[in-house]
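Handing you a structure now.
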Amino acid sequence: MDFSLLLDPYILTEVLVQGFVRGAMYALMAAGLSLIFGIMGVKNFGHGELFMLGAYAMFFVTVVLGWPWPVGIAVAAVALFIFGMLLERTLIDTLRRKAGRDWVLDAFILTIGILVVLQNLALILFGTSRRGVTSLIDGVLVWGPVIVSYERLMILGVASLVGLSLWAFIRFSSLGKAIRAASQNPEAAQTLGIDIRLIYTVTFGIGAALAGLAGGLLISIYPAHPTVGFEPVIKSLACVILGGLGNVPGAILAALLLGVIEAYSAFFMSAGWQNVITAGLVVLILIVRPSGLFSSSKVERA
Amino acid sequence: MGLEVKNIVAGYTREVPILNGVNLTAQDGRVTVILGPNGAGKSTLLKTIYGYLTPQEGEVLHDGKRIQDLKPNQMLGEGIAYLLQGHSVFPRMTVEENLELGGWIMRGDQKRMQTALDFVYARFPRLREKRSFLAGILSGGEQRMLEIARLTMTGPRTILLDEPSVGLMPSLVDEVYEEISKLKDERYTILMVDQNVRKSMSIADYVYALALGENRYEGPREEMEKKLDDIVREWI
Amino acid sequence: MTAIPARARDANPWRSTPVRVLKVLFLIGLLIFIPPLIDNPYITRIFISAVMLGVMAAIFDLMIGYAGLINFGYAGFLAVGAYTSALGTFHFQVSPWAGLLTGGLATALIGLATGVISLRLRGLYVALLTFFVGESIRFALSNSPEFTRGMLGLSVRPLPELLGFDFSRGNILAYYYLLLLLGGAIMLLLTWLVRSRFGLAFEAIREDQLATQSLGLNTTKYKLYNFTIASFLAGVMGAFYASYLGILSPSPEEFGVYRTVEILTITYVGGRGTLWGSIFAAFLLIGLQEYFRGLGPWRLVIYGSLLIFVMLFARRGLAGFKKYLW
């Protein structure tokens, strides 16, 4: 193994860009997962299936209908927003009224049921074949020794834009403030006239929209197929734990870190051992620091 | 008018009612105090009035309107504000954000919101100074002031207070009672529960004593003050 | 808790003790005699699957239903039992009979270790931790092909003849009866366990750890007992599974999240905290699965829907219907 290769500017940018693209996907997924967990206490194991549905929506709009890719991404996000709200209102909300103290665990089990149903419905409807596109945008940016495809720049750009909008929404909009209030003290939020059920539904919708958007955005790298959501959900779950359950900025940071680390370690080891290391790392964190890597820092929990 | 509670039976599960037929009236513009030993059901009564618990029997009327089918988040719209027992600021939001959330139901009306904020800041200058601090880093007394200030943002008619002075240093207790007296002078209808029997009696107009989820004694302040020793003795 | 109406409880002759004993004997009779009487390997395999998964689900229930500890890496634990036994035979010529024990012991060790590292955690955190433990095991197995043959699949020798019984692969009835003995013993052990003082301690863990600790009960100790015993039994079942199946591969369907979900569904459909419910649920679910085999993925849709249904509308699972059926 020649370590000096990693300092080569070409390889370095390649690794970093690849790492950030992966990290962006994990971050979009992890942000939604973490938001949903932080506010509702639901660890959505079916989050990967929402990613999968987003990928199919993207394929349908851009390939079957032949519409431009920005429309596809928007459709994937909006469709999943609506679908997520429906899921919440019909299933999770029903469970909330039945489950008592075991709510967190029961909700987790419920989302497993949702996962199994969605994944197999997709298998029935769409079959096992992979449906993707080779690229949404052609061309590469050449800048000195740095060569990056426009496609990847677009992915990074859209993901950053979405991340910023999410942050601004939670920080400044009145609905965003109500969401934060509900996560910090749900009972007090209700005394101020905040409809907590609506907050839960919207929150789940937002999380689902982020997953759907990720699925659509990355269609050229992860073509749609029924189990495409498995890896993203496992990895983003890991990021959520690493960042501290319910800590959205922590999860995003962990996601970018994990993406880059994976891209780097791909030089040394197979994807299989990478998975062992990720899983081992999560176990370690859960043992020594269940509140996550960044819990002591002053990051605000959205 | 005011707030009327008629023969309420309610609890956390169907099988074990905590309130077994409580009757109570909080007169318009008066301070009504509920006394009772720990576990008597005082908080449970306030939660039932506010719609957190659905009564199995009985009625709750606010200014003559039945409100027991409403949800907690609809109560402020009916003009009833509620100070929960314990801490209820949003600790990781600023003081100003906390106050703005107090005005959540009028969020569409920027002008009204600003007027309410100005009014609250004029009354609690300390909150204006600390408007951009996170509420979680305020002192216990300041947090309680913020909670009280937040209650008044929308100008409700009726205010429910659950243990407003509990856990505060004696000097701060006086401060809280001063604020409540001011609210009284402003003719809010106040229904209050507090551990601090003497203090709360001192501003009360009418007093109820609950025991085991039922009315035990009631009467105007002067009358109840005479009985007070008997009442308190029963608790021990 | 919904109050059980006092009427019709003792009066009903259908529920008197002698009749109950008869009902149990009848069911045991069905288990023993149906497969040989029908004498169709396909049916026998269905019975094996149902009993095997039912017992695995009952063991899972010891953790989730009685102590509130969810082992979401359960399939990884089964894999430890299966692979310990199979690799012992493959590399070191250990008898597969001894493998039932070594498989159990190795898994018990993993269970103990997992118990130790999850001591401070509760509820969902235990689920997440065990999930990643299970996945680590599975990834490690699939990434060491030189030792485990990884995804290529490890072939496992059938059990050697014992006491004159022939356990060659063609003779699946022998495997079935072995499973009945093994599973029966495990079920009796579990039943005894939850009725003993252990059961009370487990329940205390589930209800509220803090309150339990303040009562002076050493929850730590009982949590470890629970995890270790359950893991030992899971390992034994894993080892049996390896010998019966003849080929192992660390795929998600076999030893990953899908297998865990399958078993978890059986436990939940059977009803949390009802060991025997798992057996009934296994027959119901495996039966449905076989009946709908032609439907392909639809049967998994049915599985998932059933899990959702149980979570939302039949929260005590089949146990909730016991009064109508039993």
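Letters A, B and C mark the chains as written, and numbering starts fresh at 1 in each.
Keep in mind that, in the parts below, a contact is a pair of C-beta atoms (placed from the backbone, for glycine too) under 8 Å apart; a residue touches a chain by one contact, two chains touch by 3 or more.
Note that the structure is predicted; figures quoted are calculated from it, not measured.
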Overall pattern in which the protein chains touch one another (line/ring/star/complete/other): line
Taking each chain's C-alpha mean as its centre, the one farthest from subunit A: B
Chain pair showing more contacts of the two, A-C and A-B: A-C
Centre-of-Cα separation between subunit C and subunit B, whole angstrom: 53
Distance between chain centroids, defined by C-alpha means - subunit A, subunit C (Å): 33
Length of the line joining the C-alpha centres of subunit A and subunit B, rounded to whole Å: 42
Parts of subunit A lying in touch with subunit C, wherever the complex brings them together: 43, 91, 94-95, 98-99, 102, 104-106, 108-110, 112-117, 119-121, 123-124, 230, 234, 237-238, 241, 270, 272-273, 275-276, 279-280, 282-283, 286-287, 290
Footprint of subunit B on subunit A - complex, ascending: 174, 177-178, 180-181, 184-185, 187-196, 300-301
Residues of subunit C defined as touching subunit A within the complex: 68, 70, 117-118, 120-121, 123-125, 127-129, 132-133, 135-136, 139-140, 142-143, 252, 261, 264-265, 268, 296-298, 300-301, 303-308, 311-312, 315
Subunit B residues within the subunit A interface of the complex: 50, 52, 71-77, 81-84, 87-93, 97, 100-102, 104-105, 107, 150, 154
